[in-house]
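Two complexes are shown next, each including chain A; its partner changes from chain B in the first to chain C in the second.
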Partner chain A sequence: MAVLNRLDWYDIARDTNWTPTYVAESELFPEELSSAFGLPAEVFEEYDEPYKTTYPEYVKVQREKDAGAYSVKAALERSKMFENASPGWLSVLKLHFGAIARGEYSASSAEARMVRFGRAPGMRNMATFGMMDEIRHSQLQLFFPHQYVSKDRQFDWAFKAYDTNEWAMIAARHFFDDVMVTRGAVGVALTLTFAFESGFTNMQFLGLAADAAEAGDWTFSSLISSIQTDESRHAQIGAPLVQILVKNGKKAEAQKLVDISIWRAWKLFSILTGPVMDYYTPLEHRKQSFKEFMQEWIVVQFERSLLELGLDKPWFWDDFLHEIDEQHHGMHLGVWFWRPTVWWNPAAGVAPAEREWLEEKYPGWNATWGQCWDVITDNALDNKMEQTLPVTLPVVCNMCQLPINFTPGPAWKTRDFSLTYEARDYHFCSEGCRWCFEQEPTRYQDHLSLVDRFLAGQIQPPDLGGALKYMNLAPGEMGEDALKFAWLDEVRAERLKKAS
Partner chain B sequence: MNGTRNDIANAHLNNRVGPVLRQGALAKAVAEAAEVDNPDKTITIDDKVAYVRISTEGEMILRRTTIEEMLGKSFQMYELEVELSSFSGRIENGSEQIRFYFEKTL
Partner chain C sequence: MALFPLTSNFQEDFVLQLLAVDTENSMDELAAAAAVHSVGRRVKPRPGVLRVRRQGTDEAFPRNLKVGDAGLRPMECVEIYWEGSAGSVRAPRH
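And then the complex of A and B:
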């Protein structure tokens, strides 16, 4: 029997629009859930999804993807990757699974909102596949780390992290809730699928896959690059909407949502992806620097696509380019210093050869961040370990929820971008984070940062011990230096060599 | 890639299009097919071990039959998705060919 080509029947099969007779259009697609900027139904009739698939194709392709990911896992289960991996690499896995796995369920609910409330049939159709994709991502990323739980309790945080008030988790949740959980269908298509998935997820799921392959962790490399093949498809839900909004006089609205998501994703990635690429991944396995990956994926590829679809560069683009050189070094230093407050073991990544690499990739590193690490290194060499550990909490931003920090050194200028709104003082790390707040203050105003909660007396006793308890971090879960300071041996050897 | 601030500021002004594929047999076949199906273009292969970035200027066409020939076994166009982790430019995926392109030239 002759089979029609997909394109010969696709449109009629997926065109599920009808004229409602029992309820008004506005009840079928309430603005709160469709968030279509008040545009009428007919403008969405132009929506044509660029990356098409059908249910039979989807089932075949997804089956093959899963067979691939699971067979790589099965084949390598006896390879002793866990036993042979550097402690820094295991920290990459712990951070990734904890911050990502359960967030995929939020992404699935966001896709489900587009399935039901998306205004265009093609959008609803692609989001149906996207919704199933995200369930796959949750399940894979909970199942894969589970094999390590019996060996290392920190891997339990793959499941547990989202149920805690651990500070990095508060930051991740604040961002994901903003772009996935609390936006209507069109909003989610812009913030999640367009800005986040066609842009930033490439960093975490492909850039990091390159490092994983270099580090010999083929199970992880194969898993995350397979996940990104789903993202690559359903991320295309947003592009046709951008064009429709631009064409119908809603460019400013679309641009604003895309800009919010880009800025907020950037801040999260400066702590999630930056430190793991430039400090935790063993030096010999680093495929590129974090900045080089950012350039490849976000500047050359993603930024170009904004212009293609009729949007502009975000207003903060110069700040952003400046920050990709610097911000993650401060995040890394903070995470390492406050290591008891995270569920992974941060690798300092500042042995002599690593510092040389950092200086080469980020000229000026030694004169700025390097100076801070000199002090830490000297204290550790003198066995003054208490000097390398925190006694209190850092000031965090009321938008990204991350420690406020700037590049140290001669040009050091700590700035607090503050704002008083309805008699409450807010503190932000940057113009970008303050701007996000100002776009919709009522959306964010009631959230308390970890420091706000501390000051409000919610954390008892009001000291680091009380904060660790509040964050659900038990002994055996709290982070410590990944190499247990073995890197000091290289520093000693270097200093001896210089002295002789 | 480790360019100066000025290079980075202008790095988005490019017209590179094409697939980013997970490493493996299909990525190799597609890289070969890209040469055959786009005879007037220079195809760049950037191998990042875990993934391979195959790109050219402005537009790239990949035909199902060419990939099939390079693979040496039957191939359906939709099967490309199994390895297609990302791509530059816009996409148009049909049953007989897939096209990556930009409408605007910068």
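And then the complex of A and C:
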């Protein structure tokens, strides 16, 4: 029997719009769950998904992808990757799995909202596959690290992190809850798929897969590549929607949601990806700096797609470009200094050759960040380890929930961007984070940052020990210097050479 | 006497930190408490007098002014800097 080509039947088969008679349209698609800016159903009929696939095709391809990822894992289980990997690379894995695996499940619920409440049939169809993608990503990224739990309990945080009040997890969860869990279908398409996925994660996963291959971790490389191919498909849900919104007079509304998500995604990137690329990855495996990666892969393609779809560059674009040069150095220094408060072992990445690389990639690094690391290095050389650790909490931002920091040294650029709203003082790291809050204060106003919770007496005893307990960090899980300060040998050798 | 939380922004450091002081503390005592979290940890020690000012102002609080009399709000950001040092005057943006 002759079978029609997919394109001959696709449109009519996936067009599941119907005219409700038992309930009103507004009950079928409540505004708070569809978040369609009050636009009528017919304007969404123009939605044309750029990637068309059918359920049988999807299942076939996904089965092959799963078979590929799992068979690479099985084949390499005796490869001694864990034993041979650099400590910095293992930290990359722990950080990635802890921050992302359970977040994928939240992404699945966000996709499910588009499946049910999306106004365009094509959007609902693509989101159905996206929803299943995200379940797959969660399962893969929980199963793969599980093989390492018996060797290193920090890997247990792949599952555990999401349920804790560990500060970096609060930050990740606050962002994910904002862009995935608490937006209507159109909102999710803009904040999650268009801004976060097509703008950031799709490209980041490509880079991460390459880094993994470079580090000799073929299992992780194949896993991330497998995930990225899903990501590149379902990330396309948002773009056709942007065009519809712009065409129907909702450009400002779309722009605002996209801007919020870009800014917030950037802040999370500055702590999750920046330190990994510029500090944790062994020098010999670095292909490009985080700044170069951001400029080449994120900035250029984002600018192009924003303008092509009829949106503008976000108002904070200059601040964003400026931060790409500086912000992640502070995030890295903060994570390393407060290392007992994270579930991975941050690699300092400041041995002499690494500092030379940093100065080359970020001219002025030695006169700014380098000054702080000079003090830390001298303390470590003098065995004053207590001075390389904190005795108070950093003040964290009431939007991104990350330490408020910026460039140190003579430039001394760090400052508090504060705001008083309904008699409560809020503290932000930047104009961008304060602006996000101001767009919808009631959405964010009741959240307490880790420092707010500390001051409210929720963390007992009220000291660093109490904070570690509050964050569920047990001995053996708290971070320490990834190389156990072995990098000091290179510092000593260089100083000896200079002295002779 | 009451515990009073502030935000410390110490000259040449990179991060804002929680600073617990007492309303009876002088500004000199506040500066010394802030220094514990920055100087010798990430900021090189140097000679000179440490002064305290509100973020966004150029004028330091009197050295013997009590924290409780300074009109500060809880968690307000104060800048601690070496008097007369280069770089102690802030640029308008970050």
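Definition applied: the second predicted complex is superposed on the first by the 497 of 500 C-alpha atoms of A that agree within 3 Å, B and C clash if a C-alpha of one lies under 4 Å from a C-alpha of the other, contacts with A are read in each partner's own complex, and residues count from 1 in each chain.
The definition used in the following text is that a residue touches a chain if its C-beta (ideal position, glycine included) is under 8 Å from a C-beta of that chain, and two chains touch if they have at least 3 such contacts.
Quick caveat, the model's predicted, so the values are computed rather than measured.
Room for both chain B and chain C is found when the two structures are superposed via chain A, with no clash between them.
Shared-chain residue A:Pro50: touches chain B; no touch with chain C.
After overlaying the two complexes on the shared chain, residue contacts for A:Phe454 are found with chain C alone; chain B is out of touch.
Set against each other, chain B and chain C differ in how many residues of chain A they touch, and the higher count belongs to B. When the two complexes are overlaid on their common chain A, residue A:His427 makes contact with chain C while staying clear of chain B.
Shared-chain residue A:Pro410: touches chain C; no touch with chain B. By the document's definition of touching, neither partner reaches A:Ser71: not chain B, not chain C. Looking at the shared chain after the overlay, A:Arg6 reaches chain B, while chain C stays out of its contact range. Using the contact criterion defined above for the overlaid structures, shared-chain residue A:Trp369 touches chain C, although it does not reach chain B.
Within the superposed three-chain model, A:Val300 lies in touch with chain B and out of touch with chain C [touch as defined at top].
Across the superposed structures, the minimum distance from chain B to chain C, using CA atoms, reads 16 Å. No residue of chain A is contacted both by chain B in one complex and by chain C in the other.
Here chain A touches chain C in the complex through residues 330, 333-334, 337, 369, 371-372, 374-376, 379, 387-388, 390-395, 403-416, 418, 425, 427, 430, 451, 454-455, going by the rule given at the top. For chain A in complex with chain B, the touching residues are 5-7, 50-53, 57, 60-61, 64-65, 68, 202, 205-206, 209-210, 212-214, 221-222, 225-226, 228-229, 232-233, 236, 239, 287-289, 291-292, 295-297, 299-301, 303-305, 307-308, 313, 318, 321, 325, 361.
Note for the complex: chain C touches chain A at residues 5, 7, 9, 11-20, 36-37, 40-44, 55, 73-77, 86-87, 90-91, 94.
The residues of chain B lying in touch with chain A in their complex are 1-3, 5, 8-9, 11-14, 16, 20, 22-23, 48-51, 78-79, 81-96, 102-104, 106.
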